[in-house]
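In structure tokens below, several structures.
Next come two complexes built around subunit A: one with subunit B, the other with subunit C.
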Partner chain A sequence: MSRRWPPGIVLTVVAMLMIAVGVPQLVDEFGLLQLTVFGAMCILALSLGFVWGYGGILCFGQSAFFGLGAYAYAVAAINAGESTLAAVLAVVVPAVFAALLGYFMFYGRLSDVYLGVITLSVTLIFFNLMNSTAGDTYRIGKARLNGFNGMPSLPTLNVPGLPGRLLDPTETFYLVMAVLVIVYVGLHVLLASHFGRVVVAIRENEARCELLGYDVRLYKLLVFTIGGGIAGLAGCLFADWGAFVSPNVFSLTMTSQIIIWVIVGGLGTLVGPIIGCLIMQYLATTLGTQQLANTNLIFGIIFLAFVLLVPRGIVPSLLRLGAGAVGGARVRNSA
Partner chain B sequence: MSAAVLQTVGLSIRFGGVEAVRGVDFTLAERELRCLIGPNGAGKSTLFKLLTGQLKPTAGRILFQGHDITGHHTHAIARRGIGIKTQVPSLFDGLTVREHLWLSARRTNAAERTRVVADEILERIGLTSLASEAVGRLSHGLRQWVELGTVLAGNPELILLDEPAAGMTHDEVARTAELVREINRTHALIVVEHDMQFVRMIARTVTVMHQGAVLVEDTMDQIMKNATVRDVYLGTRASRERPC
Partner chain C sequence: MDLAVVLMLEILNGIATLVLISVGLAIIFGMMRVINLAHGEFLMLGGYAAIVATNHGVNIWVAMLVVAPLVVGVIGVIAERLIIRVLYGRMIDTLLATWGLSLFFIGIVTTIFGNTVAGIGAPLGSVGVGRYSISLYRLVLVGIAAAILVVIFVALRWTRLGLVARGTMENPNMAAALGVSPPRVYATTFGIGAALTGLAGGLLAPVSGVLPTVGAAYVAKAFITVISGGTAILAGTAAASTLFGSVNQMLTYFTTPVIGEAGLLAAAILLLRVLPHGITGKLFRGSL
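Right, the complex of A and B next:
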């Protein structure tokens, strides 16, 4: 393909690579661990940024796939004693679940509002379900689910096929950054393809796409499934990072956070959700350690402020300002 | 007359107590250009929605090239080869003119060929200079052409045009009529239009609808002389603004 990459995408990738290479030299191990989980969350933010910002699918329950990925990793890794298959299942299980759920939603022609309600309900159902799995009866193979206490001491990711060769924290950081870059670039490649251009067109005008002969239901289902798989991958990295997973991955706090990241960063870009996620994660960490104010309260205020004052989010607003200064208006899909 | 490209048999749709389309038997020959006229609420646009699967008929059948397409999904009907320009242009406002043509042509063409088709259509609808413009920023008349071009780029067998000349200046109307005649050399068309000047420019056979049913089907000249048609449609309207 001879299509040239837009400068915004190149810039973002260069920045990510610089962070990936530079950070381990600059920060201590605690900082590195912190940035590793930020990276995993950025991947989660990308998944919703793709599903909602480009697919136009209002998914309030992206954490359902995130949590399924985390639990799939936990259960499979404990049973297998190593992480190769577990990492694959962490993507496949949520993707298959997203496909099933999406099939009923899109082929049942549910409208946007119902999509939001159903996806939110589904993640809360998982939350309650996993909370009720305390006790020895609830186990999958060797893995005890442990209800609201969560599953501790999960096996660390190892080099595929080499169970004894575990990744150290620096290698895990490289892995997370590599996955982030691959997912970011991969989604942009997808969006530049025939498939991706139809997906954007569906967001713009669903009826026209059908009149042109595109099966909108199928496209939405595929977008939703891909988004589910990416969220699952983030869940896998998250579970590996803390060697722990609890029902909180399905909680209302978790799922609303993802929405806030995307809103703050900006719908309709991929770099927006990443930036939104970084800002909010940094805030959450800072506020959490200082105990100055309730984190959820601050998040609520920020969310409201953005919805009311900067509804486009940070990145699209900045792009708009930049474009206004140059006098052009062709800023869509450029980052 | 050659084989029918489109045929409807007793096509009806009912919304509660209103039968918007009542037992329409309609036949369109290959490469025929048919104008469909009738007062507001006659069921013309509803008929188009039935033909494209946007509405499901409560009774009757639709045959397209001999295949029963009644109740099929909109996208499946579009794939069979029915393209429509809707009454209010249905476009992707954030996308460029070229992207519209690309999306339409790409479904059936390889990437290379799609680019060629898009360029050809841009030339045909005279929008080459506006190819990179976002469609949301264009005037209503230009949007009409973008939608017409988008439909053309998909190269459907049958093209439905719902008020293609609405909101256009006199020159634009003439240009559209020329375009429609040109399209008709290779495609069958059904055109709904209120602008009688425009209809006279393109029409051979005209179907008049009234209260959901086909009132009469004849040549333009005969239609203009038809007293019933004058009563339901031309009579009141023509005497007011377009004496004929």
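Right, the complex of A and C next:
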């Protein structure tokens, strides 16, 4: 990549910064809370967009890392009474778990589709496990896991080192937006590096990279671990947002939502999953307030429609249209 | 002694449940290389079909053994004709499309029946084993699971239908040249897989009850079993079910169901690390 940043990325970052600065002035507190959770979900969408869209790893268990991050934050925050260590653990625990799981999968050389099924199964088993942790026997230190009721009234994020100085909703929103921008830019920097180039090359042709002497298993493992850590970070922000975490973070609905965001937004871009996430989140909130049709039903139809009719997703399809109009510019990896 | 018998029966029952929930998936995946993520919802639909039929005065055995597989089989054929047929050869797209289908089914059933547990009482009552009593129906399930495996084996091995199906999966062009219509064979195979799944859903309805999202509870175990089983549909499913069923029930018995579930998963991941192509990728090669 040249020293100059591609215009697509600059544009996206500028848009995000404008939203971050402008929104708290424009919307009421409810809208702000809503946008905060949208932001956390966008980070989650980015993690899968990176792992699947660039790493070519079919991970259907991104919500396992998301949920682990949320639970790690919850348990650590309750035990420590403040959030600094908890926030770190929310990234480390899922990343370590991703590394372990990834070791078994990549070093066992499981193919794509098996990866998808295994990661999905892991998530669902987490869901079942967490659902059955009701009662006093299941506690970690001071934190009761509470089974399907979830863990309520978690300590919210505080300024690192100052347990009494909690973040107010506006500050939390700034934090989420900052994390989103950092993750977005960070992933682009990573993808522009030698490491990122190899990762994309592996997605394009695994055998050729292997023959060129790259340890494909290790690269995939690293991508998977990074993706797990980012998802965990999103989980931490999500748990902080609601001061609540329940096994639903591992549920099939959650898992399918993440996949739908990426499918709708488009594989192989980073802005695609963010846009997909915003559209679907908005839709889910709107659908949730009406009684006409079940949310799952609508999501199922959208999912099917995209796979059958717009398999590339919104952003790549639009880019392709635009590129066709100006004469076939190179579009991939530019957003 | 009584305890040992009861524990044995529990293990057998665990194995039979795994066989039931995964055999339809094994057929669809093993024969067609289609990963059907709506598998759990096929089980759920089978359960609802049996319950609705029973509540409308149909004999419970007829409801479970005839109505459930018929309904789900027809739904399977329709899904194959409308969606899956378009995506043959695109494994990942098929997988995603069936995922959409699964959400769709959950949504529809929630709209019709509401998000509550429905159930029917298990027939047959129980028998005493020394100081313990066990449900006779669960014993019958073990028998049915074994019977299903035998019937599929016989059908694949010795009937013309089985031969045509195996031939088409092996080489569709050659089969077409010999006068077989591959699309029809695919539709039939998918339909049979779906019907077996519906049968399993119907049979399990009295044991575990049904709610719209119950599929999620089954689908993970079913996939783990089928993938760990490997290429041979029957031998693989039977072997993996035996292994995981035993691990799950033993751990459940000596600790808690939670540890049992986690143990099943851990066993599967370890197994796939050692045998990436599943049990029948290395052992029992060439079996069905």
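Of note:
FYI, the second predicted complex is superposed on the first by the 332 of 335 C-alpha atoms of A that agree within 3 Å, B and C clash if a C-alpha of one lies under 4 Å from a C-alpha of the other, contacts with A are read in each partner's own complex, and residues count from 1 in each chain.
Methods note: a contact is a pair of C-beta atoms (placed from the backbone, for glycine too) under 8 Å apart; a residue touches a chain by one contact, two chains touch by 3 or more.
The shown structure was predicted, so the numbers you read here are calculated from the model rather than taken from an experiment.
Superposition note: with subunit A as the common reference, subunit B and subunit C can be accommodated side by side. When the two complexes are superposed, the chain touching more residues of subunit A, out of subunit B and subunit C, is C.
By the document's definition of touching, neither partner reaches A:75: not subunit B, not subunit C. Looking at the shared chain after the overlay, A:216 reaches subunit B, while subunit C stays out of its contact range.
In the superposition on chain A, A:58 makes contact with subunit C only, while subunit B stays out of contact range. Across the overlaid pair of complexes, the angle with its corner at the CA centre of subunit A and arms to subunit B and subunit C is 80°, in steps of 10.
Contacts of A:108 after superposition: subunit C is touched, whereas subunit B is not reached.
In the superposition on chain A, A:207 contacts subunit B only, with no contact to subunit C.
Using the contact criterion defined above for the overlaid structures, shared-chain residue A:177 touches neither subunit B nor subunit C, since it reaches no partner. Of the two partner chains placed by the overlay, only subunit C lies in contact with A:301; subunit B stays clear of it. Across the superposed structures, the minimum distance from subunit B to subunit C, using CA atoms, reads 12 Å.
No residue of subunit A lies at the contact with subunit B in one complex and also at the contact with subunit C in the other. By the touch rule above, subunit A contacts subunit B in their complex via residues 194, 197-198, 200-201, 204-205, 207-216, 329-330, 332. Across the complex, subunit C is touched by residues 58, 101, 104-105, 107-110, 112-114, 116-118, 120-122, 124-125, 127-129, 132-133, 251-252, 256, 259, 263, 293-304, 307-308, 311 of subunit A. Across the complex, subunit A is touched by residues 35, 37, 83, 86-87, 91-93, 95-97, 99-108, 110-111, 213, 215-217, 219-221, 223-224, 227, 256-258, 261-262, 264-265, 268-270, 272-274, 276 of subunit C.
Note for the complex: subunit B touches subunit A at residues 52, 54, 73-76, 78-79, 83-84, 86, 90-95, 99, 102-104, 106-107, 111, 132, 134, 150, 154.
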